[in-house]
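Notes to accompany the following structure.
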């Protein structure tokens, strides 16, 4: 049985990763789990310059979910290289750097700064940022813009390049096709949905910046559906994410068409949950005679019992 | 204090209604609550011809939500008139008929059939159906199509006409503007989000038709955010819906900019919940010195404490 | 039909697979009849969100206590299993129709698979009390899963095990087939259990020309007839709701595919 | 730091407003220090989803039992209040730093508002045991909300009520102001309670030139330093995380707006 996953020129040893923004830079979790059991760590978003992020409150709980408006607070690429890479480099798991910017150059510059570092396995491009050059519309809601930025990034790296898709669109498959045309090696599906919670006693939005990104088990059915849709629209791999808490949830994504998965918000609830999911998937594959991850794609709705 | 809400040429005695598809035609709930406490009953979707609906399973629970794929099963407009209207006509609450079709004519014909009936207060147009004349794309995901169908329906009725918006779009405010341009008296915000759940033991989607509409508390933050966005984009009233379970949830929608609300999925959980929400809103208005529903709009984020 | 917050009075394992919960059910909520169900909600959370339907397994009008036999399957039954006497649950019912669609039969064979045992024993006791002849046939996977026999005290009961480790070796329909024809002559069959068992019992009834009443399970959202989620198809092509048109159906009217 | 499923050993109301829960905490989980917190999860559901942070109110190394004083606010504390001895919860900790940022002070005035009482009493007992002078000042809205005085047994404690129905009439800072200056000379202030109380205590400390350690509350998602949700601003403009850089801060380093 083979748990490995090929993405572009890279190989992940197993399909289970931990999502950007929910795992810091790995260090904090070393106390409660074995990081080497992960297929990949997707770092907190990295931008050229350090960012303070948004005012607080940045977080509010919702039914089976949460909103966050961290505002991509991060240490900036230089400090990431000096302070965070050394720890990540010592792990037996792929470091995928989540990249953000407000112009296309920004994105490319982060990649250029990191591309020579051997232990940077690849990139995941976070497009839920306003494009300041295009009047602030989000990079991730326009297929042509996705294609263009992907093409530009493809020009500066040969490492695995994943484009993270926003679910706040009418047709996510079209966005995925844009990424594929631009030369992405994979798409990540899905980022958070925009939501709002109002404190009725204070007559204010709870989140200081009014809206935040909805994540957690509440959005899992949306993530699974979009993964199903996207994986049928493109031929590059899909990395499924949204509301995964255990092996069964991860298997839903694999059966929907994903080749790999990420655990996000659930890391806050059960910090060690991700380490067991790869073993759980292996166990399921053994029981169902599935030899490799690629074989999941054909299983859904064969209706063998119908 | 005035709880009434004006929509087009009509007035609802209070802002609390029960959502289409979650309350049948009212009769079943008479045993557990006082229907006259409601501002409106939005009926199950009515089409020209009766519809059997989709195969089962039609329902699956999700974290703090559920998927449904009822397929707009309904008795058809004729049977609705003969079997359902008489009961609804006896109530001291507005009957809003939720209308569906697969062509624009379909929609208009349902309205024409009902328009002479005094006790039909108005219509709510459900656009999450494939338009067979436009190659099956959903009526609700294209602003021009929304404008056109609204214009056509406006031509056949002077009664209050509400257009129910789909949240499965990049820019819901644009859809709302289409409805406003077409002459709608209000928009309802939001219908369900498309989701999928996979039974990993059977390697099948749980819902027979694969995807279903996600509703319930899980989607409340999305509904509140879209209500906030839409109410700032148009000048006709917004009816807020999605995950409402109690007075506080309803107040979130009113503070976000809605003039009325609907309780949907929660009717399945606590069938009598809706009857107390109007009283809860009145109580809140009294405590905060809010004279009428229209005054909610200005309250949010005045930051009086900042 | 009433929606109430009631106290659990007992909640205990009766086999490695089954638990039985008892809870207050005042007479004025409506007297539960065998085959009817209620919708139970574990409060304080929206996950699980929906109520779950369960069939009554008995009602004691003196103590005003109802009972239900259940199996831990998912989140809701897990939380129910942790409820201790004195704690509360919300219950809505009685819902649906009851066994004895066509009046109380003279002679009954009541067939149970899995947790179908609850309503089947309720029906059998009720029918026996009314003076009709009744025989219970209950199927289990293996001997260790058979609950305390006190449960069917006073009822003529045949136990079947799939693996033959106790009682009749085989499933409940195999057992029916093994009975002398006269035992079944003119009997009404009642059946509650998993769909394949209901289908097999229905086919057996057709072969023998017997009337068979089945208790059907379908995913339910409302339990009140409004969501139209719980439909099954009738032989005439109509879609009917399990929650309000059933859950008990004459097996002859359903479309068995 | 450990993540464990532990048994509740006691859980009872100690005032109309407060409850105290005790639960197993093995020595090898790490010894909780006053000011540190843990993240508690009510299992079996995703609503509530996130763990909640609570400060330790005591630790008994012999019985290996930790305690926490809490107030029912929302879903999670409601569910916690229903947990009975023998039932389990999940706990992750000890997390964060502790009072005594700068070594153990000689003379301490420990100020509590609301459920801030838990960690303040823990700190006061600890400091008294180490031989330093300590005085507790605890504020309540009204006399009826004052918990059983046994809670601060052996500690010099001044009770304040906002409505003057018992003890000092006024809030905790009013009380500090009313003390003879000598009582506070060279004292370290420790404070735990709502933000406005912390701000007032900080201002008072500034006026008097005292060092003041505050326990800060902010919404937390992870409690582990990774989500960056719980930040507060320092006077130098840096954003720091309450969960890992705090929750105890020298009030002088924070930006009080």
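Odds and ends about this structure:
Order of writing sets the labels: A, B, C and D. Residues in every chain begin at 1.
Rule of thumb we're sticking to: a residue touches a chain if its C-beta (ideal position, glycine included) is under 8 Å from a C-beta of that chain, and two chains touch if they have at least 3 such contacts.
This one's a predicted model, so the numbers in the text were calculated from it and none came from an experiment.
Once subunit B is excluded from the assembly, the chains that remain, linked only through touching, form one piece. Path length between subunit A and subunit D in the touching-chain graph (shortest route): 1. In terms of their C-alpha centroids, the spacing between subunit B and subunit D amounts to 46 Å.
Subunit C and subunit D have Cα centroids separated by 52 Å. Inter-chain spacing, taken between the CA centroids of subunit A and subunit B, is 34 Å. Annotation for subunit D: residues 46-48 touch two or more other chains. Chain contacts: subunit A has residues 62-65, 216-218 touching two or more partner chains.
Viewed as a network of touching protein chains, the structure reduces to a complete graph with every chain in contact with every other.
Note for the complex: subunit B touches subunit A at residues 62-65, 67, 141, 168-170, 193-198, 200, 202-205, 210-211, 214, 216-222, 224-225, 228, 243, 248, 251-252, 255-256, 284, 288, 299-303, 305.
Interface of subunit D with subunit C (complex): residues 44-48, 75, 78-79, 82, 84, 87.
Across the interface of their complex, subunit B is touched by residues 46-47 of subunit D.
Only residues 21-24, 28-29, 31-32, 44, 52-53, 56-66, 68, 70, 73, 216-218, 245, 265, 267-272 of subunit A touch subunit D when the two sit together in their complex. Those residues of subunit C lying in contact with subunit B across their complex are 1-3, 41, 46-51, 92, 218-232, 239, 244.
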